[in-house]
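Okay, got some structures for you below.
In the two complexes that follow, chain A is the common piece, with chain B as its partner first and chain C second.
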Partner chain A sequence: MRVEYINPFVEAAFSVLKEVLGTEISRGELYLKSSSQPMLGTTAIVGLTGDVEGRVLFDMSLQTALAIASTMNGEEFKSFDDLAKATISELANMITAQAVTKLHDLGFKFDLTPPALFTGENMEVLDTDVEALIVPIDMPLGKIEINVAVRERN
Partner chain B sequence: MDTVAEDSIVQEEEKAARARIDYKMVTFSLRGKDFGINIMKVKEISKESKFTFVPNTPAYVRGVHNLRGEIIPIIDLRKMFYLPVSEKRDNEEQEEVIILRLANDLIIGIIVDAIDRVLGVAYETIQPPHPIFGDINIKYIEGIIESNGRLYIILDVERIFSEEYTIYQQIDTEAKAHTEPLRIPEPEKEPTFNFVIETLKTFSSFHVSDLNRIWVEERFEEWEKRCKTEGRQTQLQGTEDAEEFLKSYYSPYTGMMWGSDYQENLMKLLPENPSGSVFIWNPGCGKGFETYSLAAIAKIKYPQHRIKVWANDIDLLSVSTAPNMILAKEEIPSYLLDTGLLKEQARGFSFIDSIRDSIVFEYHDILHHNEYPEADIIVARDVLSFFEPESQQRILSDFQQKLKDDGLLIVGKNETLPEEEWYLLREGNLIAYKKEKS
Partner chain C sequence: MKAKSDFPSINERQPEGISAEGKAYRVLIVDDSMFVAKQISQILTSEGFEIVDTAYDGEEAVEKYKELYPRIDLVTMDITMPKMDGVTSLEKILEFDNEARVIMISALGKQDLVKKSLMIGAKNYIVKPLDRKKVLERIVMVLKQRS
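Coming up: the complex of A and B.
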């Protein structure tokens, strides 16, 4: 993963989460993963295309997703309903969009696909031939793993 | 009624205690400390004397013994663990011997001070070894257990002896592999040599293999001599020692721009390239000095070509700083002066955009999938040794696959690649290989 891409994603995740949730957040150590990875259960995906191709995953447990949706909407969610789902998708969209804006300023041209949301148990994700950068983010509401897998178009 | 209930409680507890025994161990003492060995490893115990001395063996080998027609080696565990052995003992005196049957039906007798008893052990009561039990290398200890107010150190005998066994096997095969006897370390320094190999792995994650063995052996001799004259220990005590040992391993111009001599040598080796584009792959690029040197030299050699350099490293901190590298005036080698490849900035000199744009710095693990086009040049100096031997093989075969037929692979000055697959080109202090044509 090109080093110039890393910071925009980390910074965008940080500033967006801080702004919309108003809580303390801290970033864990970044690392790389290849081969298939288990997912936490609630995952929003945003595709990237342009100078690069790939996708960004925002991965969290159902409790974390509910807690985030509750905080963002200012009401308590008991079940993961449509509004809660839309909230998580929107969060993913906001973070990715801000990262892409930062990348535009650096001269890299990216486009986004609309976010999609997956939920389920024992999910795995496999990226063929692309290694993924994992940005773990810890908050009082729970843990989000941002999983960025992009590659240059040759 | 109460007593019956109490009795049954006591019985229950006893039962539970019995049920918690996962295995039994034979306990013994060495210099007043208590030790244990899993009873499944123990064939028998006996009192023996008059062992037959075997010349030219390590000090802890007491000799061999005839056990009902079977010849077994006898190891003095106290000597092996460098515990003091009282001088009075002579070969006539009866010694307490535990005879072990290890994996592969290896039978070994060990001499201990006194065999104590058999003790039941539950896995949950075993505590991990603590570095405070310093006299015995911690990796030989399975755990510590407390029983009746005494602490027993449970030894991992498989590990103790399998390692000794494999070391000798290794030396044996090495001896067969090399016809020149000069390269085999002399017997008395084998343990230290192997220890140095182990500690290099631990402290600097430097793995000794065929790739670097020649250098390591030469360096070890030099190191041993130096330590003797300076009166210090040959064994590496920590990361500092390991780095000191490896100091002469690194290739010229590590962590700085390549000098003019290196540049000239590379210019001589670079082939004419009619294709119009040059791909360079630079794994382990670190802070990027090597990468910029390469990109600039390629630009000088092939001014009209399209140049693309893929540089990657697993060290995020180093590689993140690479794209914005700034050089002080004195850091610029002479072959780059007046080429117009550098431009002055507020804080120093940086490369012009066409050079910078030709390089892609990536945070990437080379053990993952390497999604790169076929390369004209691969530069991996002093990279491979920091991977485990199997990974070294994997990366090398990846290089073999990713390198064009007339491409160059540049490695560190102390790295040797297998002759069957790689053809050595040497130009001064620059070591390069081409693919051996099959």
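Coming up: the complex of A and C.
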């Protein structure tokens, strides 16, 4: 997978997270995975289809998801309720939309699916035929892993 | 050539944010979350409302209401905020202007505080997550109950 696909997602994540959370953000080491990977527990997924196809995961622990939802809404959450879920989906939406604008500017044409949210322990993800590139993003509230697996359609 | 006015005016619905007199309703948004304030602002400006100011806690809301008065039509009031919560802020605003139109914006599970606000004099409430249709419906309902 070409790294140029992931940069727009990382840049978008930085600017959106900085805006909605108002916190320090730093980027961890980027790594590649082609075998199945464990998920952190709360995962928003957005699908891409067009010149480029695949999916992007925004993966975090439940605790991080709750902390992010609390900060974004100015509310305390006792459980991962509908508002918290809608907030994490919206966050995925905002980041993806900004990344896609950048990719469209680079000349790639494709559509997005609305975000879907998965929660649960011991989940794994396996992408066949395409490697996943993962960028951990560290914040005081916790870590989000942006996990991109896309390829050009031929 | 036909003039534009010869076509049926199905697209010329009056935006919800414009009063019968043709003026934009003036709204103060109160929320400690920039993210939520922006959501409300986007929904309302898309319908022609004018967001005259945003306050990030209850105290600031009272100050800004007093500054804006009487050129203010509506307040959207978050409940959970630092410094002064939305219910107290509502109370103070109503002490200053007992005709103030305040709509509470509540998270799930805050029924007691919503009930209390309605008893004090809030005109309506909206439960988050915010849905465009629901937000506009509630706000328009309050603006139409003009006393």
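Keep in mind that, in the parts below, the second predicted complex is superposed on the first by the 154 of 154 C-alpha atoms of A that agree within 3 Å, B and C clash if a C-alpha of one lies under 4 Å from a C-alpha of the other, contacts with A are read in each partner's own complex, and residues count from 1 in each chain.
In this text, contacts are C-beta pairs under 8 Å (C-beta built on N, C-alpha and C of every residue); 3 or more make two chains touch, one makes a residue touch a chain.
As the structure is a computational prediction, the values presented were derived from the model and not from experiment.
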item	value
Combined model on chain A: chain C and chain B, fit or clash	fit
Superposed model, angle subtended at chain A by chain C and chain B (C-alpha, nearest 10 degrees)	160
Partner chain(s) touched by A:34 [first = chain B, second = chain C, both, neither]	first
Partner chain in contact with A:25 - chain B first, chain C second, else both or neither	neither
Which of chain B and chain C A:123 touches, first, second, both or neither	neither
Touching partner for A:133 - first (chain B), second (chain C), both, neither	first
Partner chain in contact with A:152 - chain B first, chain C second, else both or neither	first
First, second, both or neither for A:62, with chain B first and chain C second	neither
First, second, both or neither for A:97, with chain B first and chain C second	neither
Chain B versus chain C - smallest C-alpha distance in the overlay, whole Å	34
Chain B/chain C common contact set on chain A	none
Residues of chain C touching chain A in the complex	31-36, 78, 80-81, 107-109, 128-129
Residues of chain A that touch chain C when the two form their complex	19-20, 22, 71-76, 78, 81-83, 86-87
In the complex with chain A, residue positions of chain B that touch it	314, 316, 319-320, 322-323, 360-365, 368-369, 371, 373
Touching residues on chain A, where the partner in the complex is chain B	1-4, 6-7, 30, 32, 34, 129-131, 133, 151-152, 154
